[in-house]
Amino acid sequence: MEIKRRDFLKLLSGASGAVALGTYGCSDIIDVPEKLIELAQKGPGIVTWTNTICGQCSAGCGIKIRRIDGIPVYIKGNPTYPVNRGGMCPSGHSSLEVLFNPDRVKEPLKRIGLKESGKWDSISWNDALQLIADKMIELRNVGKPHQVAFLDGSDQPGLMNKHIAQFMKAYGSPNYYQSGQLKNNTAPYRLLQGINQLPSYDLLNSKYILSFGSNFLEEGYSPIYYTKIYSHLRDSSEHGRTRIVQIDSRISLTAANADLWIPIRPGTYGALALGIAFVLIREKLFDDNFIKNYSFGFNDWTDNKGITHLGFRSNVISNYYPEQVSKITGVPAETILKIARDLGNSRSSVVLGDQGTVDNTNGTFSQMAVHSLNALLGNFGKDGGVYFVDLPPLADLPPFDEDEIAALGNSKKPVAQSLDTNYPLADFSIDSFTKNILNDDPYPIDILFLYKGNPLFKTLNHHDFAETLKKIPLVVSFDPFITETSEYADIILPDHTFLEKWDKFCNTPTVGFTHVGIQQPVIEPLFSTRNAADVIIELSNKIDQSVANALPFQSYENEIRFSVEKLYNSGEGAIISEGVKSSWLEYLQQRGWQIGRYNSFDEFWKLLTRNGGWWNPIRQTKDYKELFKTPSGKFEFYSQNFANIINKLIETTGGESPENREKVLHSLNISVRGDKVFLPHYEAVPIEENMPLYFITFKLLTNRDGQSSNQPMMQEMFGYTVREYWNSWVEINPETAQEYGIEDKKDVWIESPIGSIKVRARLNPGIMKEVVAVPFGLGHTSYGRYAKGYGTNPITILKNKYDMINGNPALQATKVKISLAT
Amino acid sequence: MRKMVKQNSKLFIVASAAIVLVVIVWVVLGSHRNITQPISYNHKIHIEEAELTCVDCHLYVETMPTATIPNIEICQDCHSDEPMSDSPEEVKLLKYIEEGEKIPWQRIYAVPNHVYFSHRRHVTIGEIACSNCHGNVEELTEPPSYPLWLPTMENCISCHKEHKVTYDCLACHR
Amino acid sequence: MPKWAMVIDLDKCTGCGDCMAACKLENNVAIVSPEQTEEGRVMFWMDMMSVYDGEYPHVKVKRIPKPCFHCDNPPCIKVCPVHATYINPEGLVGQIYHRCIGCRYCMAACPYTAKVFNWYEPEWAEEFKTCLNPDVSLRMKGVVEKCSFCAHRLQVVKEDADAEDREIMDGEYMPACSESCPADAIYFGDLENRESKVFKLSRSPRAFKELEGLGTEPKVIYLSKRE
Amino acid sequence: MNSTENTSRDKIIFTAQLASISLIWIFVIAIAIWILNLISVSVDLNDAPGISIAISLVAIPVFFTLASILTYVFVGFHKNSKSDLNNTLGD
Amino acid sequence: MTEEKTKTIDIDEALYRPIYETGRGFYLTVGILLMIILFAAFMYVRQVYYGLGVTGMNQPVTWGFYIVNFVFFIGISHAGTLISAILRLSKAEWRRPITRMAEVITAIVLAIGGLHPIIDLGRPDRVLNIFTAGRLQSPLLWDVTSITAYFTASTVYLYLPMIPDIAKLRDRGGKLTRFYDFLSWGWQGTDHQKKVLNRAINILMVMVIPIAVSVHTVISYIFSMTLQPGWHSTIFGPYFVVGAIFSGIAALLIVMIAFRKVFHLENYLKLIHFQYLSTLLLIMSLLWFYFTFSEYLTGIFGAEPHEMDVILYKFTGPYAIFFWSMVVFNFIIPVIVLSFKKFKTIKGILFASITVVIGMWLERLNIVIPSLANPRMELGSGMYFPSLTEWSLFVGAIAVFVLGYVLFSKFFPIISIWEIEEGREESIKEVEKRVKSYLPGPAETSD
């Protein structure tokens, strides 16, 4: 030991100084050495940032992961990603709790014993895949590849759905479904405009935004994109400030931020829209030019057979005068007049509808009525109106030759489409899906793949769907967690969490420009999990060469590269980049967009993965022909498309006759007759008379689909607005509460014809008097330690009702009784 | 009698002084157990004969908060297959390198994790010599077995006061 | 000497709650057990207030994010018996966890209820400990904690600025909430710097402070068109 | 009665009493030092030292007075009987 | 000399008896109390181990029973020293059997009360930080100083008048002679010693009163120095002092009645003592009401919204029952009981005193909790339910008080014997002389 005496003395004085607890007494230092070594950081603490795409919900925000010595510790929004521009939502911030969740499935699992027994045994990847492949080969060998179904819960347009579709097609099954409602939700636009896409709204340029139940700041497809827009609307000077009017049964986040909240009875949005149309027509506040030249069925018209048909105008004028509408909706007639006049007189004004409007049995018709207001205002192809975004120039998956077995399988009728006349515009109806599988109609399903989404938690017909899952001999789940749905799986092939995997997303619905986002791993996989896409490639290789040919890629990452290469070749758009630090508004208005400079695809790819995405802000002006792909080539108030569909249905029921027509309309539950059926109209929602209160559910930013329930941070924040944590509540208007003798923070029973739930009452003046609302997302019976047993799932007492046209679950069609729980 | 009383009290004083001393010694010495490193690294030889500087191995001293202790990745740059000396310590090192196993160095200098201490701040910006806190390491033929200078708050603050730099709590506490 | 301040534009803020989550993630704020939250022991450095106004159906709701206000004349530091909470020359009201004796006098004295207390030892699942932010120390049971304006970021930013021998730039030092606000409603910067956004906004006619009459002079300034 | 035993007992008790009085003084002086230390800290940290000084101005004399009263009583008791003690103990 | 001594023994034997005779009751009481205290100690250790989470305190209500009890016990402590000092100062002759009892309450209760803030600490292991890094700017430190000063002063004030009695015990012999010898400080009862003692007591008397008043004012500063509605009030100082004296007298009455019953002191504590003291209690009750009234009047008249929130919460909120029972216990019952001769019996006075003590505890509760439960910001109000830990520490604290008192009465006479003697021998003459000096008539020239 060569420590000098002086040093030793210094040491001694230093230590005894600590002992003597001097002026700044830091007593903890006494026990330092051991503690120090324990607490000392392990690495140098080198910070790196990686850009990727958030996978917490379908919005697809660009995020930046802060990694310290390779371990992700913090997330912030990617400031250059055009969708969210650095913004994030609470749920995105809890992504690390997905990655590091203690309840993750760490290796492939095989069920032991009965379904839902909760007992699992580990199985090697190879065995599991071989087992599935053998089953699939067997089905193909007996010529029944169509008896395989794939249920994809992601509601996100990207590469994954194409990947699965390609696989299923090559295998020979028409039964690939996205259980999200994205495709179903386009039904109104299919009927009115013939467009199979959700519109985007140019909110930035509009001066008056009338939202029919569209909770775009919270429940929309991309709440953060709309929050950014909202923020810019509010940033503008007082003069000419955009007014936002929200029509909703309760004060949602959007209503709270709107200038005016108009409470409305659930299920009557369509009537209100038509009431507003009445005023617009009466007071001649509509766009004459547009109506005259680009619309069909506004006035009464005569077809080539000489039959006069009812026009939109006559229908509205005769049936939807404000007093009548006021009776239906509960909105005072003066209010209807006022908003209609404001709407008609503001240039420009835009009307949007979602959630409240569409989540009901009459959703499609209501949304048609709402959208027809945009037509009255001539809101197509103009600033501050409605527009449709182009698809990015991505490469389609390479074409392949399907073999005979596959061709035969693909020719079969998809099992989730209705065999009778229900839900004519449904792309996927869970109601038909369960009914048909349970009845082996037209054929049984032997293998079901489940990817993302936890459909069992969200379905109204919980029992039937559970039975379906029990019935199917082999259910394979790709879930990285054991959810309610995967409790019924036979094999779980755990997927990576989104922070460990490659994926590619494009064009988040309703976002107003073309964009592509690249999701990439920010950390090596923590456990023995595999990207579901890679598993599918592997499976295809195991099954048959002809199936394998459809997905000729080493890995999913290569597939993404392949698909993106066309983006590079197209020369359109640009990789998102910093550089321009101007505001977002200026970004959008910037038309002369310059293309980034990259000399090779490799360079492009490197930059793309580094920056996290590509976008093309230039919106091509489209002429009306492209916007209206209807038989008339115009905006059809009178939907000829719908008329054709109904006619086809009538034909299948036995040919045109008034009886058959009546039969079809009756089985569709459409109450009106004649031409009104094809016009936007109000369909009364069938409700129980003996129940006094409407029951609705809503979603919160903290837990949009119940998928964040296994993240303690989100569970804690769940009801931050009402200061309820880890718990559900029911919002009741104070006056209603008084009527039923209910006090704040007391438990109440909510009883519907289906069942009853016990929830804590929270009095809230921001809800209609005849409505009670429970947030959706909690009440899990599985899904890990943080989710199981907290809160209540309101879906369990909803009636088994669906939109009569597109088969979406009707979340607001139930009425209930409430009473104080003792 | 009085004498006895006096003796008693004397005894008492001596005894209590002894107890206090024992406590102090126990705390001072007991607080740093002598740490023996897995390899008895010779700083002197590396600096004088291999002509290395601190930064060559403690890579992040000038740029990062933590200086880091070099491990096999850095050692193996020089110590590849052939031993350079006949030191038994080098044999140990080569074994670690061969097996690709990290050397389990024991840290003897560390601040508690509620303290933000940055080497960059002190070395690069403050231009304080390493020896100020770590002592004359270049003269050491074996690694120090306990910290030369304890990072107690008193020590930090007295030095900060001496150099007239901030001793605001939030400058270090986090 | 800079004076750090925050401006929250309530007209832009939607009340999405992202600031709360960002704060929890950045500052390793403990997630207490559900039973504890029921007892009112939930910990948010950044909290959210809901203000209801008006009679049905003309109800208005405003959600207001509420961090520590870092008052210039903080009532909390006056009562602290041990210098555990204090105001530094840059206007940050610091909380020194290892000094705090847990008397909770500062919590009782704070008119904004901005402080939270560790009633139990904060706990994380072993897996979650991996991703705790190493820049922020973990608190222990029995101490008071609160929003620090992410002062640990300032330590780094200052060091970067010093290393490059320059002043801290406007927007270089940002707390997590301000950084990730999707509505860009939270501004942060130096009140002494006349060029800074925060300085300009603080002079806006829309600017107001919570409980201004108390003379605490909070450095979190709200903007709202007063209706 | 054994007088030597008695006186030795008296002696021990007397020292104990003296010790207790000095303990009180130590206590009081410690408080004074403590308060002065707090003042110096608050001056050092620029932390409204005025209040500290005001309090110390009140508190320190109070403690000193109390200690003085005790000492006065103790000394007063023994002053009177000093002659008796001297007589009995001799020495 | 010896004759005289035996004579006094005969007369005041009742006062010595508890010291020399130990019954089963004593052991039983001490045993039970020790068990309660042990349980409380266990609960405290548990609290230190797990953290303050075991209490019922929560986010807005960050202070609970411990602070309530702290204020309450310090309030009770005003029984003693202050009352005895005032009575001594005013030469009220009826004080002689009471003063010791009152002073003992002070000393014991102050020690207990002073410990409560430490019990309340989240990190009791860091309590030394107060000494190494304290801030005298904090009202909490003012408390530490003033309580220490008051404790020292009142212990001295208890001890000095006890010296002659200790000497008496020493002279009586017995097992603890050496202990009494040590404590008697060589008291021989000489004139010089008496003079010294009297002078010291006189100085102390004058000193103790301002200290006592200041202590409770300083306690009130803990609250009134903050900006919280319901706390930030200028009359808090005197309000607390009045409340303290009020509860102190009630506690003193309870103790007197208890010891009168247990030690059979009917000959010493006569009805007149109770009547005098209860009149004082009545006055304090009225004063207390006056202060309460003006406290709320200023609040309601000013109608500052946050202040009104708290006041309405107290009047109608979940703690309203405590508020109104406080008014009943502190004002209505004592005023009714003590105003009518019919009720002003020992039993009646005991009843009124007990309600006052409970009522004053409720008052402290009503000061601490509602203000905290109603934060100024829109966060909703909080609720506070004390946990088992807090209850057991409360009961434990009371047990410590009772145990302390029981043990004190085991070792020292509970009534000042020499003062009684002095009263018998000299004061009648002295009083006569003094009263004469008050009476109208020709001014006495110095003879």
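By letter and in written order, the chains are A, B, C, D and E; residue numbering begins at 1 in each of them.
The rule is simple: a residue touches a chain if its C-beta (ideal position, glycine included) is under 8 Å from a C-beta of that chain, and two chains touch if they have at least 3 such contacts.
Just so it is clear, the model here is predicted, and its values are computed rather than measured.
S.K.: Could you find the two chains linked by the most C-beta contact pairs?
M.R.: A-C
S.K.: Using mean Cα positions as chain centres, tell me which chain lies farthest from chain D.
M.R.: Max centre-to-centre separation from chain D belongs to A.
S.K.: I'd like the most central chain, judged by C-alpha centroids against the all-protein C-alpha centroid.
M.R.: Ranked by how close its C-alpha centre lies to the overall one, first comes C.
S.K.: Once you find the CA centre of chain A and the CA centre of chain B, what distance in Å lies between them?
M.R.: 56
S.K.: Measuring centre to centre with CA averages, how many angstrom lie between chain B and chain C?
M.R.: 37
S.K.: Which integer distance in Å separates the CA centroid of chain C from that of chain E?
M.R.: Measuring from centre to centre gives 43 Å for this pair.
S.K.: What parts of chain D, by residue number, touch at least two of the other chains?
M.R.: 41, 47 - these are the residues of chain D that touch more than one other chain.
S.K.: Considering chain B alone, which of its residues make contact with at least two other chains?
M.R.: 112-113
S.K.: Can you tell me which residues of chain C touch two or more of the remaining chains?
M.R.: Those would be 42, 50, 83, 86, 98-99, 134.
S.K.: Where on chain B does chain A make contact in their complex?
M.R.: Answer in residue numbers: 24, 27-28, 31-33, 59-60, 64-68, 106-108, 110-113, 135, 139-141, 144-155, 157.
S.K.: Under the definition above, what is the set of chain B residues touching chain C in their complex?
M.R.: Those residues of chain B that touch chain C are 112-116, 118, 120-121, 124-125, 168-174.
S.K.: Please give the residue numbers of chain A that touch chain B in the complex, ascending.
M.R.: 1-3, 7, 10-12, 14-19, 22-24, 26, 28-33, 35-37, 39-41, 43-46
S.K.: Could you please specify the touching residues of chain E with respect to chain D in the complex?
M.R.: 131, 133-137, 141-142, 145-146, 148-149, 152-153, 156, 160, 163, 178, 181-182, 185-188, 190, 192-193, 196-197, 200, 203-204, 207, 211
S.K.: State the interface residues of chain A toward chain C in the complex, per the touch definition above.
M.R.: Interface residues on chain A, with respect to chain C: 26, 28, 41, 45, 68, 71-77, 84, 86-94, 96-97, 99-102, 217-218, 223-224, 227-228, 230-231, 234-235, 238, 251, 253, 255-257, 261-263, 701-702, 712-717, 720-722, 725-727, 733, 735, 764-766, 768-769, 790.
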